[in-house]
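Chains: A, B, C and D, in written order; residue numbering restarts at 1 for each.
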Amino acid sequence: MFPPLPNPSTAPGPARFGDKDLIRRSASTVTPPAQRQTEVAKLIDVSKCIGCKACQSACLEWNDQHEEVGVNTGVYDNPHDLTPASWTLMRFTEWVNPETQNLEWLIRKDGCMHCEDPGCLKACPAPGAIVQYSNGIVDFVKENCIGCGYCVKGCPFNIPRISRVDEKAYKCSLCSDRVAVGQGPACAKACPTQAIVFGTKEEMKKHADGRITDLKSRGYKNAGLYDPPGVGGTHVMYVLHHADKPEIYAGLPNNPKISPLVELWKGVAKYAGFAAIGALAVGSVLHRLVAGRSEVSREDETNAQRLAREEETKERASP
Amino acid sequence: MRRDEIVEGDALHPGDPVVIDRYSTAARFNHWMTAASLVLLALSGLALFHPALYFLTGLFGGGSNTRAIHPWIGLFLFLGYMGLFFRFWKVNLWTPTDGTWLKKLHVFLIGHEEDMPEVGRYNFAQKAVFWWMGILIMISIASGLVIWEQYFAAYTTVDQKRWAVLIHSVAAIVMICIVIVHVYGALWARGTMTAMIKGRVTGGWAWRHHRKWLRELAADPKANRGTATPAE
Amino acid sequence: MNMELSRRGFLAGAGAGVAGTTLGAFGFGDVEAAHAASIRPFKLANTAEARNTCTYCSVACGIILYSKGDLKKGEKAEIIHIEGDADHPTNRGTLCPKGSALLDVVHSKTRTLYPQIRKAGSDKFERVSWEQALDRIARLMKDDRDRNLVLKNADGVTVNRWTTTGFLAASATTNETAWATYKVVRSTGMVVFDNQARV
Amino acid sequence: MTNSWTDIKNTDLVVVMGGNAAEAHPCGFKWVTEAKANRGAKLIVVDPRFTRTASVADVYAPIRQGTDIAFLLGVINHCMQTDKVQWDYVRAFTNAAYVVKEGFAYQDGLFTGYDESRRDYNRSTWDYEIGPDGYAVVDETLQNPRCVWNLLKQHVATYTPEMVERICGTPKDKFVQIARMIAECASPTRTMTSMYALGWTQHSKGSQNIRAMAMLQLILGNIGVRGGGMNALRGHSNIQGLTDIGLMSNLIPGYLTIPTEREPSFDAYMATRGFKPLRPGQMSYWQNYRKFFVSFQKAMWGEAATADNAFAYDWLPKLDVPAYDVLRAFELMHQGKMNGYFCQGFNPLLSFPNRKKITTALSKLKFLVVMDPLQTETARFWENHGANNDVSPAAIQTEVIELPTTCFAEDEGSLVNSGRWLQWHWAGGTPPGEAKHDTWIMAQIHLRLKELYRKEGGPVPEPIVNLDWRYKDPNEPSPEELAKELNGYTTADLTDPNDPTKVVIAKGKQVPGFAVLRDDGSTACGCWIYSGSFTEAGNQMARRDTTDPDETGAYSKWAWSWPANRRILYNRASADRSGKPWDPSRKLLEWDGTKWTGYDVPDIAPTAKPEEVGPFIMNPEGVSRLFTRGMMRDGPFPVHYEPFESPVVNVVAPKVRGNPVARVFRNDMEQFGDAKEFPYAATSYRLTEHFHFWTKHAHANAVLQPEFFVEISEQLAKEKGIKPGGTVRVWSKRGSVTAKAVVTKRIRPLVCDGKTVHIVGIPLHWGFTGAARKGFGPNSLTPFVGDANIETPEYKAFLVDIEPVAGPVA
C-alpha cells in the first residue's frame, strides 16, 4: 500500500516553506526563489473511491468549518455544491456504459486543483490575496482578500466561493498548514481506500501509472491521468477509468484553460485602456500647443451687444 | 417664435459686456455631482483594474471598502446623469447643422471657429459627449450589477460574469477618455468654465461658440431682459 | 507499555524509503523559515495525545485524541482534534466519514450531562442528583426482584430466575465495562439480558 | 471473522454478499482495494442495490433480498456438477464422508421430524451413524449414498442456474459468470474470502445464509487459509467483545451456556456438555468445559464458590426457554409481564422491529433506566414529537431515569474488533457535566442492592452479597482490575499433576493462558478465551509492535487476539493432511516433522501430528461440518425459504411460509402483510455517512447526509408518479413513514418467476433527537419475526406500499 504519513508531532516546529518560497503573488511581482521546492501533488484515484465522504468530513474538521445541515434533494451530494465552508465535495454520477451496458457509479471528489497556472491568482486584483508556493500550493490569504469575486471568474474549475458572512473568498488550501509540518492534507490522511494519496508530483505520476495499468487490465482501455496541460498541469490530479471523456464525471472540464475573456480582460484590455487614456492626454496637450486657446475677442462682445440691442428695438417696434 | 435652443432659465442681460445665464444653480449642482461620482468611480475602478493603481484603494479605506463602495457610487452616477438627461436631452437632439459642423471639424480644431456654421446651445462634439456618456453609463450599470458579487452573485453564470467584467472595464475606459476630451474642451475654450462655475457666460462667448443660441435668446422677449423702458 | 507513541510505526517498515522521499518533498529547505501569511499555525502543537479506538464499527480503527490539557498529568483535558493513528495496522491513519468527525460526537450538543428523572405521566425530565437517581434505581430493582424472583419451577427445581426486569447491554462499551455489567446483572438472577449482537 | 481485516490483502477473490463493506466498514474495505491493486484480486458484489461497494466491483449482480441461500446452493451445485472441488481438503477436513443415520430425509422444504403445532423439529434423525466402536461411521470412498457428500449433492441439485434466476431474479448469465469465478477458487493456490454482515443475519433464516457460504468455502478449501475464511464484518465497536463475554440471556463468558431447567444439578449440567470425540484421537476441545466453567464461577463468587456448594451452581438462573432475547423481552413487555428495563448505550425504540409495538411495550413498564452518553429516542419515547413520535405523555405511566455516561474518548479499556483483536485504549478528555463511567454506575447499583439485602434481607440474597467485589475502590473498579479478572488468576498454588510438591504457578498470579485453568477451584477466570490477554508479562492488549514478518498481515505483536493470540482460526487447515501448506506462497503453518511452525499460533497442540488430529478442534469430529447434525433448529442443510413477507411464493416449497421454525409470536403472525396489499419488496440498510443513530448527533455527519429518504428505481418512480427529491409515504401492515424520494438507476426491478418485483430501499439513520433533520426509521415498518437459531429480526426483507404525497411546508 502507499506508505502512510507518520502521525503528526505535537512539538512545535518550524514551517517547511513560507513567503520566501512564493513563485506567484496576486497583483504583485515577486522574485521567485533561486531554487524551487519539489512540487507536491494530491492524486485522486476515482476508480478506488467509494464515495464515503471521509474527505469532506476530515476537511470540515481539520479546517474547523461549520457547514449548515441541508436537505435531501433526491441525490447523495451533500452539501449540493461547494461552499465557503465545504472546500471539497463528492459528486455522484450514475452512468450507463454504452459499450458494456453496465451501470457505473462515477464518484468524483471536487475541489481546488491547485493549477500550475492559477486563473484565480491571475484575476485577483488584491496584492497578496492569492499566493502560489514553489511546491505548487495555491493558497488564499484571508487578510488580503477584498471579496471582489474575480477569482471565481478566473478559475476554470469554478471552485472559489465567497462567504456572505465576511465577504472573503474560500477554497481548499491543500492543508498548507499540515504540509508545512511534513503532513499530508487531511482528506488524503483520512481516505479509507487511499483513493487520495499525497506526495511529490513525480511520485504521484508514478503511482498513477501503476493504477492505470491495473485499470487497463480490468478492461478500462481509456484509463488515464488527468493533469490538464491547459493550466500548466495541476497539483491535484485524477486517475479516471474513462480519461477520454472527463466530462462524464460531473462535468470535469475537458482540457480546461483560463477563459479567453479573462485573458483579454487581464491582458490586452488593461494595456490598451491605459494606452488610450494616455494618448488622449498627450493629444490634448499637443493640441493646446499647436492650436493655442480659443479666445473670445472684443469684437465678439460688441457683435453680441449690437445683436442684443437690434433685437430689443425690433420687439419694441412690433405692435 | 422659435426657441429650440433655449432651456428654461437661459437669460440675456444687455450691457457691456452682455451677460448670459447659461446654467441654473440646480443644473450646475447636478453636473458637478455627476462629475464627482465619475471621478470617484474612475479612482476606485482603476484601483481594482490595475495592480499599479491598487494604492488608490487607500482613498476609500482599503480594498474591501473600495470593493463595497464602488457599486454604490455607480448608482449615484446613474441618478446624476438621469438628472442631466431630462434637463438637456431636447437641446442635444440632432440638427442638420451638426452634419455640416462635423464636416468642418478640422477647421474647428485649429481654432477658426468663425468659419464654422452657427451652432445652437451645443455643438456636435458636446452632443456626442452627452449621448455617449448616456449609453456607456447604461452599459456599465448593467454589467456592474452582474459582477456585484455581494448581492447578485447568484443570478448569473460564471461565464456571463466573465463577459460582464470585460464589458464593464472597456466601457469604463471609454468613459474616462470621453471625460478627458470633455474637460480639455472646457479648458481650451476660454470663458467656458465660468458657465459651470458661475453659471454665466459673456455675449461674446455665446457669439463665438453658440451664435444660433445667442440669436434665439436675443430674439426672445422672455429671455432678452432689455434695459430701455418702452416709450409712450 | 501504556502510552509509548511509536513514531516508528510503518516508517520503520517497508514504507520508510518512499515516505522519506515524500517528506523531503515538503521542502525541508531552510528550517528557520517562518510561517507564511497564508499558512495558519499547526493547531496540534503543544497538545496532549491519547491513543484510542474508534467507537463506531468493529474495524476498530486506531485514533489519536489531541487535547488541550493532559489527563495523565491530572489536568482537565479538552479534546480539540481526533485523527487516525498512522501506526495502526488496520487503518494506517485513515478514517471513514464517521471516524473523521468523532470530535463532533464527543462535543455533541445533545450529550447527556446530568441524571434526569421523568415521573409517570409527566411531559418533562427533571434534573436529579446521582444519589437520588441511584437510590431510586436500587429501590425499584429490589422491590421488583423480591416480588417476582422465581425460586423454583413447577417440578421443584431451583431456578432462581428473575424475568420481570431486563437489561439491554451496549456494544460499544469496553470488555471491562461488560464484565462489571455481567457480574452485577447475573448476580441478581436476571435472565432477560441481551445486547446489540442481533441488530 | 475467522481471519482478520489485514489478512484480506492476501485473497484472490472477494465476494461481498449480505454486506456492504465499502459503506459500513470503509477502513476495513481498504484491504479489499489493496488485494485488488497488488494481487489483481477480483471483487464480486451481489446485492439488491448497486451499493458503493458495487461501484468499485469487477462484477455486480442484483439479487432479490432474502434469496441468498438459493444463490449460494446454486453455486455449490455448480461446483459439484463441474467438479470444482478442492478434494483433498474436503476429504481430510470436512464431514463429507460421514454416514448419516437412516430415516433422515428432506422433502418439499421440510426435513424429517417437523411438528407444525410447535413450529419445531424433532431432530433425532439428523445425526451420524454411530459404529460399534462408539465413533461415527465414515466412508472415505464417498460411495455410500447416505454419506454427507451424496446427500448434499442430491439436496442442491434443485438449484440450477435457471432456478436461481427464477427465485433470485439474478440474470442467468451474471449468475453463471459469478459461479465460474468462484469455482476457480477450488484450486489450492486460489483463495476466496467471504465478507458479509447484517445483510445475511437479518433474515428469518440468517444463520443458514451464512452456513450456505461456509459450506461453499469448505468445498473450495478456503477456511483456515490466508486470504480466505468467513468474515463477519460485525457491527458495533465491541459487539464481538460483548458476545464473547456473553451478555446474553443464555450465555456465560467464552461461549459457555447458562443452565436450563432440565439441568437441576451441576453434574446434570456437565453431562450435556464437554463432548466426547466422535472420531479417534480428536481434541474435541469442549472436553475442558468444566475447567472453564468452574473458573468462571470462581471469578463471580470467589471464596464463596466452593466444591461443597457445586461452585455456586444454583446461584446462576436456570432458563425455561431457549433464550430471553430482545424479541422475547419486548413480547413479554407488550404482554405486561415486565416491570423494569435497563438500556445501556442502546436505543431500542429505533433498533427493534415494529416500533408501534416497542412504544406500547415500553409504556407498560414501571420503570426504564437509560444509560447513554447521548440523548436517545428511547429515553424520550414518552415525549411528543409530532408525526415523528406521536404519543401523549400523560397516558404513559413509565418512570424514566436517564443517566449520563462517558463516551469512548473519556474512558479506558479494551475493545474486540471483528478480527478478534483485543485492543486497549486510553482516555483523552474530561467527561462533560456529571457524566460517569458505566463501571462506576454498575458498581453503585450493585453496592446499593447489596446494602439493601444486608439491611432488609429478601429472597436468595447470596449471589448478590457474595459477588466477588474485592476491588481497590469498590465504588469504581479500575479497567486493569477487571481485565485481570477476565484473563484469570490462580486462587491457590498450582502444582504439577505428576509431582504435587512442585509448584507450577504460585497463588495470586495471572494465568498465562487457558491451558492452565483447572476445575478444582484453584483458578478463577472471567472469560477463558481471554486468558493470555493480561498475564504476568503485562497488558498484552496494549501492545503496539507493528512488526509483521514477511508482511503476512498477521501483526501478531499488535494488541492480542483470542484465542491464545491466534490470528487466523482453524489455521491448521492451511496445510494439507501431511502438514504441507496448500499454497507455499501463502504459507501460514507447516509441520516441520516434530512441531507446527509458521506465522500464527497453531490451532491445535503444537506437537499434534498432522495425520492424527483434525483442524476443527472445537468439533468432536475434528473436522468441519457440511452437515450440521441437530445443531441448527431449521435443518442440517440450508433450504431456500422466502421471507415471511415476500412478493412471490416459494418455488421450491410452495406450502411453507417463511422459515418453518423461525421465531414468531402468535399475535405478530397477524401483523404480516401479503403481496396483494403491499406489492413492493423493501429492505433496510445503513449509509456510509452515518453510524446507526449516533452520528445524527454529530454535526458533520448530519451535514453529509441530512435527511431521511427512501430509494426506488426510475421505473417504479414513473409508475407511481414520484419525482426525484419529492416526498413519499411508505407504509406496511405495521406502520407508515414519510420520506424524501431518491430515484436511482442503482435499484432496478427484478423479474422473479415471471413476476416484476420492485425494490424499495430504506436507510435507518434518522430519529427525533440530534443534529440531523427529524425523520423516521425503517423499524416503523419492519415485521416482528426472528431467525430460527439466533432470533435476529428480519429487517432485510419485508413488504410495503408507496405513494407520492405533498411535501412538508418548509
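Quick notes
Going forward, contacts are C-beta pairs under 8 Å (C-beta built on N, C-alpha and C of every residue); 3 or more make two chains touch, one makes a residue touch a chain.
Chain by chain, the UniProt names read as follows: A = Formate dehydrogenase subunit beta; B = Formate dehydrogenase subunit gamma; C = Formate dehydrogenase-O major subunit.
All figures in this text were calculated on a predicted structure; none of them were measured in a lab.
Taking the mean of all protein C-alpha atoms as the reference point, the chain centroid lying nearest to it belongs to C. Judged by contacting C-beta pairs, the busier of the interfaces C-D and A-B is C-D.
Here the spacing of subunit C and subunit D, counted between their Cα centres, is 22 Å. Each chain gets a centre from the mean of its Cα atoms; for subunit B and subunit D, those two points are 86 Å apart.
Work out the mean CA point of subunit A and of subunit B, and you get 40 Å between them. The mean-CA centres of subunit A and subunit D are about 50 angstrom from one another, to the nearest whole unit. Taken residue by residue, subunit C touches two or more other chains at 9-10, 14, 48-49, 66, 82, 87, 91-92, 94-101, 104, whereas all remaining positions touch fewer. Counting partner chains per residue, subunit A shows two or more touched chains at residues 1, 52-54, 56-57, 60-61, 144, 192-194. Shown for subunit D are the residues in touch with two or more other chains, namely 26-27, 30, 688-689, 699-701, 704, 771.
Every pair of chains meeting the contact definition is listed here: A-B, A-C, A-D, C-D. By the touch rule above, subunit C contacts subunit A in their complex via residues 5, 7, 9-11, 14-16, 18-19, 21-49, 64, 66, 81-87, 91-101, 103-104. Residues of subunit A touching subunit D in their complex: 1, 47-54, 56-57, 60-61, 66-76, 78-79, 86, 94, 96, 102-105, 107, 192-195, 210-211, 214, 217-218. By the touch criterion stated above, subunit B contacts subunit A in their complex at residues 12, 14-18, 47-51, 54, 57, 62-64, 66-68, 109-111, 113, 147, 149-150, 153, 158-159, 161-163, 165-166, 169-170, 173-174, 176-177, 180-181, 184, 188-191, 202-209, 214-215, 218-219, 221, 224, 226, 228, 230-231. Residues of subunit D that touch subunit A in their complex: 22-23, 26-27, 29-30, 33-34, 36-38, 40, 50, 52-56, 58, 60, 688-689, 699-709, 723-726, 740-746, 771-773. Within the complex formed with subunit B, the subunit A residues making contact are 27-28, 125-127, 144, 146-150, 152-153, 155, 158, 162, 164, 167, 259, 261-262, 264-265, 269-270, 272-274, 276-277, 280-281, 284, 287-288, 290-305, 307-312, 314-316.
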